[in-house]
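In the part that follows, the structures are each spelled out as structure tokens.
First chain A sits with chain B, and in the next complex the same chain sits with chain C.
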Partner chain A sequence: MNSQFALQSLILRTAAHFLLPLLLIFSVFLLLRGHNEPGGGFIAGLVAASAVALYMFALDIRSAKRVLRFEPRDLLGWGLLFGVISGVPAVFVGQPFFTSQWLELTLPVLGELKVGTPLLFDVGVYLVVIGAVLLILLSLAEAED
Partner chain B sequence: MLLAVLSGFLIAAVAPWVHRGLGRHSGWALAALPAVLFIYFASFLPALGETDGGRIILEYDWIPSLGIQLTFLVDGLSLLFALLISGIGFFVVAYAGRYLEGHRDLGRFYVLILAFMASMLGLVLSSNLISLFVFWELTSITSYLLIGYNHEDAKARKSALQGLFVTVAGGLALLTGLIMMALVGGSYELHELLTSGDIFREHDWYLAILLLVLLGCFTKSAQYPFHFWLPNAMAAPTPVSAYLHSATMVKAGVYLMARLNPSLGSTEDWMLLLGLFGAVTMFVGVFLSVRSTGVKQVLAYSTVMALGTLTMLIGVGTETAMLAAMAFLLAHSLYKGALFLVAGILDHEAGCKDFLQTGGLRRALPVTTVFAGLAALSLAGVLPMFGFVAKELLFEAVLEAPALAGLLSVFAVVSAVMVVAVAAIVGIRPWYGPRVDTPKTPAHEAPPALLAGPVILASLGLLFGLGAGLVDQGLIAWAAAAVYGAPVSPYLSLWHGFNLPLLLSGVSLALGLLLYLNWERFRRFTGFMAVVDRYGPEAAYEKAMAGMVWLSEWQTRVLQNGYLRYYLLTILISTVGLVMVTLFTRTHVHIDLDLSGILVHEAFIVAVLLMAALVSVTTRSRLGAVVSLGAVGFCVALIYVLFSAADVGITQVLVETLTVIMLVLVLFRLPGFLGLTPMVLRIRDAVIALAVGAMMAVLKLAASTTRYADSISEYFIQESQPSGYGRNIVNVILVDFRALDTLGEIVVLALAAVGVYAMIKFRAEDRK
Partner chain C sequence: MRLEVALPVIIPLFFGALTLILWRWRLAQRVTTVAGTGLMLLSALWLLAATWQDGILVMHMGNWQAPFGIVLVSDLLGAIMVVLAGISGFATAVYSLTSMSRRHEAFGYYPLLHLLLAGVNGAFLTGDIFNLYVWFEVMLVASFALLILGGERAQMEGAIKYVTLNLVSSAMLLSAIGLLYGLTGTLNMADIADKLSYAEDPGIITVIAMLFLVSFGIKAGAFPFFFWLPASYHTPQVAVSALFAALLTKVGVYALFRVFTLMFTQDVDYTHEILLWVAAATMLTGVLGAAAQYEFRRILSFHIISQIGYMIMGLALFTPLAIVGGVFYIMHHIIVKANLFLVSGLVYRLKGTYELKELGGMYRSHPMLAILFLIPALSLAGIPPLSGFFAKFILIRAGVEAEAWWIVGVALLVGLLTLYSMIKIWAEVFWKAQPEEYADRPAHGSAGSGVLYLTIGGMAALTVFIGLGAEPVYRIADAAAHQLLNPSLYIDAVLGER
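Moving on, here comes the complex of A and B:
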């Protein structure tokens, strides 16, 4: 089912095995630093999706699905859920829906850390982007026969 | 009060479980709710006398942050309706429990009928125009569901839809009218609007408001020419016909006309419109009623008659007319409720749906016979009944009408003659005379649950007749005062002496009986009506519906043609047209094109970009087109990066990469080009493409040189760190300042993905 996509290149296959985790870690890095430096959920999601796409081209669709572990459809749902939930806390403190809420923590090793609802929202964006891109890509690739 | 109105919805929500738990006694159990509500509303009666103006206003906070309140207005009019709704509701629910016993959807029936009751109560008690309208539409919707209760019957579904379309179309007009009223009167509260009648009557919008509101009322209350939906609504189970399409819902229009009379009434337009339409409806209704033979058809058309009478009386607008209207309303609800329930007994026990199938049932159903007769006497307006009191007042009111007195009187008398015939058909035909073989032979008298309604409602007709003054002072005078807008002196009594109305009553009684004796000849004689029907309002409705279907088919064929290229063409051309027209007519475009600061490498990127674009439109290979489009995308990304929009640049690169991958996956499977588009079409596409490009360029240049407001960028730059806790402004905007927009975008993205997924999967399944 994957004959047309498997480029049968040993170099690419070997590289993909290493590149996938690296790219995924990079995408999480982009996601987390996005608030201060270039990056963010959208870009991170695209990078993660490209990583899986690369893996799919290098090996085959089934391996790509296995390495993804989640159904892309489920990712869409979770992402939207996170996005909506992140707007809710504001309501409980009497502010308009989606007003961001921040929590400042001082941790022993890491120093000062700010955690807020925008981060949760960004994770939602991240998941939706991965889900959407991979849902389309994988179903296109699968539909070949 | 809030609980009283909403309790119907709350109980409706649990009604199916109540029904499952209690089985055949569920009718009585659920009927307890209307009974309690009846007592609750009755408890307001003494309080009315103690307030000035007979009006109690109850306010509840609804959306306090927006200053919206839920206001209820309790006065004679709303109380009269509330008592009728809950009182008759009690009998109807108890009746339905037995009448529909064993029907598999009985649980659903309770849900609908209780929800309807709550909506109707909300409608008559609301003081806020918007909540009134919401309840108004809720009654239309519950009515739709109840007419279509036997949803496997195509005729029932069609009738339900017809009723819904007619009433909801009127409802739209009504909404417009009510909003205009609120704009003119400066308030959405009825109790504030009702005291300011002259503002409306002298306003330029008066006629428009009047017509819109009346359109809503006329469709709801089945006035000619919208009367046709009501007889068709008889496809509903009989308890529904008794309740919605006779005693309560169809009177909602009458209620609203009565309610607004102090604001909109007593002008010439009002009198003419209501008087004429009411009189014509009255006449048409009763005429069609005598012509029909179906049990429920006869009753339904006579309900149309009653609605016309009420409209006419409100149009006449004198003190007597208001008293007459309220008395007639009460009398009609009592006898028509009873008669419909009797019709249900006829169907349930003897299987009769047509008067021609009936006859001589008095021995089998003795109790039903007596009380059907009693209700029919009230309908005919015979002496000791409350119907008589109402009819006397009706004659008196039309004889003294300030306008059109002669015409209305003639209509009223002719209608009264035929009403007597209708009463005879209902009260005599099924019960006396030789025994006719009915489809089902009644084994025994109807059970108490079925009899309770007719017995008590018909008896009340007699009781109120004998004690007319009592009802008058207790309720009718208050109701009439609310409609009239000023206190009304109690006037109702059984005996007003020998006068013209009494003479007219006597004459109509005699002529009506004569008509009944010649019923068959009358029907034969009016056989030509079948021809008229073919061109009547119902035919017009059918034509209009067919026309609508044709129109939507046509526009779907044209707009939804299924060719992506035509969709694109339509979208692009209309965008260019609309933007250009707006740009050049509404604004003063001022374009500053300063090319002096461009550096060499920037010019080089633009040149590459242009060449890539040119290749993509001229190449004959699909893959070549995709790749050169990708090159365009990367050039754009480079430009972003050069002008320090790193985030956008990264996104662009990633999106380009993935787009190319997706396109390749799709193009992979397409066959090679078979034929190329003719030159003419390609020139057309080129022109459109250039026009879109030019438009975007002009728009962008205009936007950056012509500013009407300060850019918001400064604000974002300043606030990003302190309020958003982030240095990456783009991201702070995305996830914080404009998070709701982003949420919308990811929802669109997710939907698009699901759409693509569904298309691919379904196609794959189709092929299997």
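Moving on, here comes the complex of A and C:
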């Protein structure tokens, strides 16, 4: 069933099961640290997409789709929508579109937390990148079949 | 902070994302598309009204002040263009309700339509030269995909020429922007204009101006870079053709108007003289090319080129009246040209072909359509009292006042030849009897063509309105030209009074 890929490596297949969650967690880490340090939505999206891509190469397309759960196209749409929406809150406080708005929260365990619209924008980019890369990759892999 | 400046860009982006999410539900996509383009048109009208009342409006995106942040600027020319984009976008969306097949919709027609409109509006409103390049790319990416929607062989062939030339043009645009940035150290158009006015070396500025001329000339379909246009515009779905014909080349023309009135006015004798020659050659080659064609949409495509020549002529003469004429011409042209393509689509739907020699007898069978064709066709040729007459009249009057006799001669001759082309279509499609052997082509018939008639009729009514109500339209064009010829208005609005 995965005749399209010549690699039938047991090592890769076993490793992929462990690497997938690790890479996904790492991508979220990159996404969150991206505001002030190297990282951000784009690179995090690439890492997450490559995690699924690795899974696809190690197993097959069907399991990759199952593990992704969402249609890549939907991720793309939601990502774009988040990106646009993140610009809107500024308007309600009388500032131009895309002016960043911050909310300071004091949480019991984590302490002080700053949440703002740039994070929403970054999540949007994250989803768009995952969606776009996987849409291309899965379509190509399916065309190979 | 003026909200309305950003809305015509934000709305299509938002609805584009929404249609992407609604991918699986065809009806929902259609409803959101019509609602989205309708809202965009309303926001564009709001913007025009606000700009008319309060002068040039500026929004500093993300609250980063110019010249460092990216600004959206709406002067009257930009606002007019956004309104025209809204009208043609809305008309296309309504027209697509019937004309677009399920298969083409499934390729992502609606998200791409919104993306294209976002790119077009962004290009019209941005006040940053690099951002202009980005919006051009957004528009091009969407247009590549729309052009090959359906994936037929002829479409691929047209798209390859289209993509290649537009990539060359984009590369040239990018290098011109790089040089300009090296020279002035800024990307904000108002700031560039301000810095160039004290620049010491006009030679290098003229070189950069010519790079801009070539790259925008390719995008506008001006002589000698127009050949991608007739090679590709007759291949996609007709609603896409109509939208392309209405907007894409006009973004190039808009960009020429913007940079050659705001930034490159140091050496008008040289740069605008070249523009004038380009205009004449564009008019002539376009109309002569059309005379040799016998396919409905190809004739119309060649006529886009000759009409672009008129607009550039207005810019090149560079007198107040000529600029008014150019702006008026753009307004008239976008509506008329989109409508002619929409008519060709309806003819195709009824008869199953675009070839003139296979068509015929439409006047007898569809008199209503014949009249709806005549309105934009005669307007294009410049017959009074339709919009095209006033557009040409203003330009030719400007030419006479500037004593540029030869360009006046060319413009008049091209007008005559345009009439010839339109009469050719009229005689072949509507007047002569249809040849027997082509009478039984498979076609959709007239089922569901009510929406199409409605769109075409609405656009034709606008043409008549611009013709009969030329006075208010002229006043808007006049005010737009006044702003274009006084760059300090634009510069002060963006950078603040200094």
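Of note:
Going forward, the second predicted complex is superposed on the first by the 142 of 145 C-alpha atoms of A that agree within 3 Å, B and C clash if a C-alpha of one lies under 4 Å from a C-alpha of the other, contacts with A are read in each partner's own complex, and residues count from 1 in each chain.
Assume a contact is a pair of C-beta atoms (placed from the backbone, for glycine too) under 8 Å apart; a residue touches a chain by one contact, two chains touch by 3 or more.
Predicted model, so just to flag it, every value in this text is computed and none were measured.
Of the two partner chains placed by superposition, chain B and chain C are both touched by A:Leu80. In the superposition on chain A, no contact is made by A:Val67 with either chain B or chain C. By the touch criterion defined above, A:Gly40 lies against chain B but remains apart from chain C after alignment on the C-alpha atoms of chain A. Comparing chain C and chain B on the residues of chain A they touch gives the larger count to B.
In the superposition on chain A, contact of A:Leu32 is made with neither chain B nor chain C.
Of the two partner chains placed by the overlay, chain B and chain C both lie in contact with A:Ser100.
When both complexes are overlaid on chain A, the residue A:Val133 reaches chain B alone and has no touch with chain C. Looking at the shared chain after the overlay, A:Leu19 reaches neither chain B nor chain C.
Legend: residue contacts after superposition of the two complexes on their common chain; A:Ala143 is shown touching chain B, with no touch to chain C.
The residues of chain A shared by its contacts with chain B and with chain C are 73, 76, 80, 83-84, 87, 97-98, 100. Within the complex, the chain A residues that touch chain C are 73-74, 76-78, 80-81, 83-85, 87-88, 90-91, 94-100. Chain A meets chain B in the complex at residues 4, 34-43, 46-47, 49-50, 53, 72-73, 76, 79-80, 83-84, 86-87, 97-98, 100, 102, 114, 116, 118-119, 121-122, 124-125, 128-129, 131-133, 135-137, 139-144. The part of chain C that touches chain A in the complex is made up of residues 1, 3, 6, 10, 13-14, 16-21, 23, 59-63, 111.
Of all the residues in chain B, the ones that touch chain A in their complex are 646-647, 650-651, 654-655, 657-658, 661-662, 665-666, 668-669, 724-728, 730-732, 734-736, 739-740, 742-743, 746-747, 749-750, 752-754, 756-757, 760-761, 763-764.
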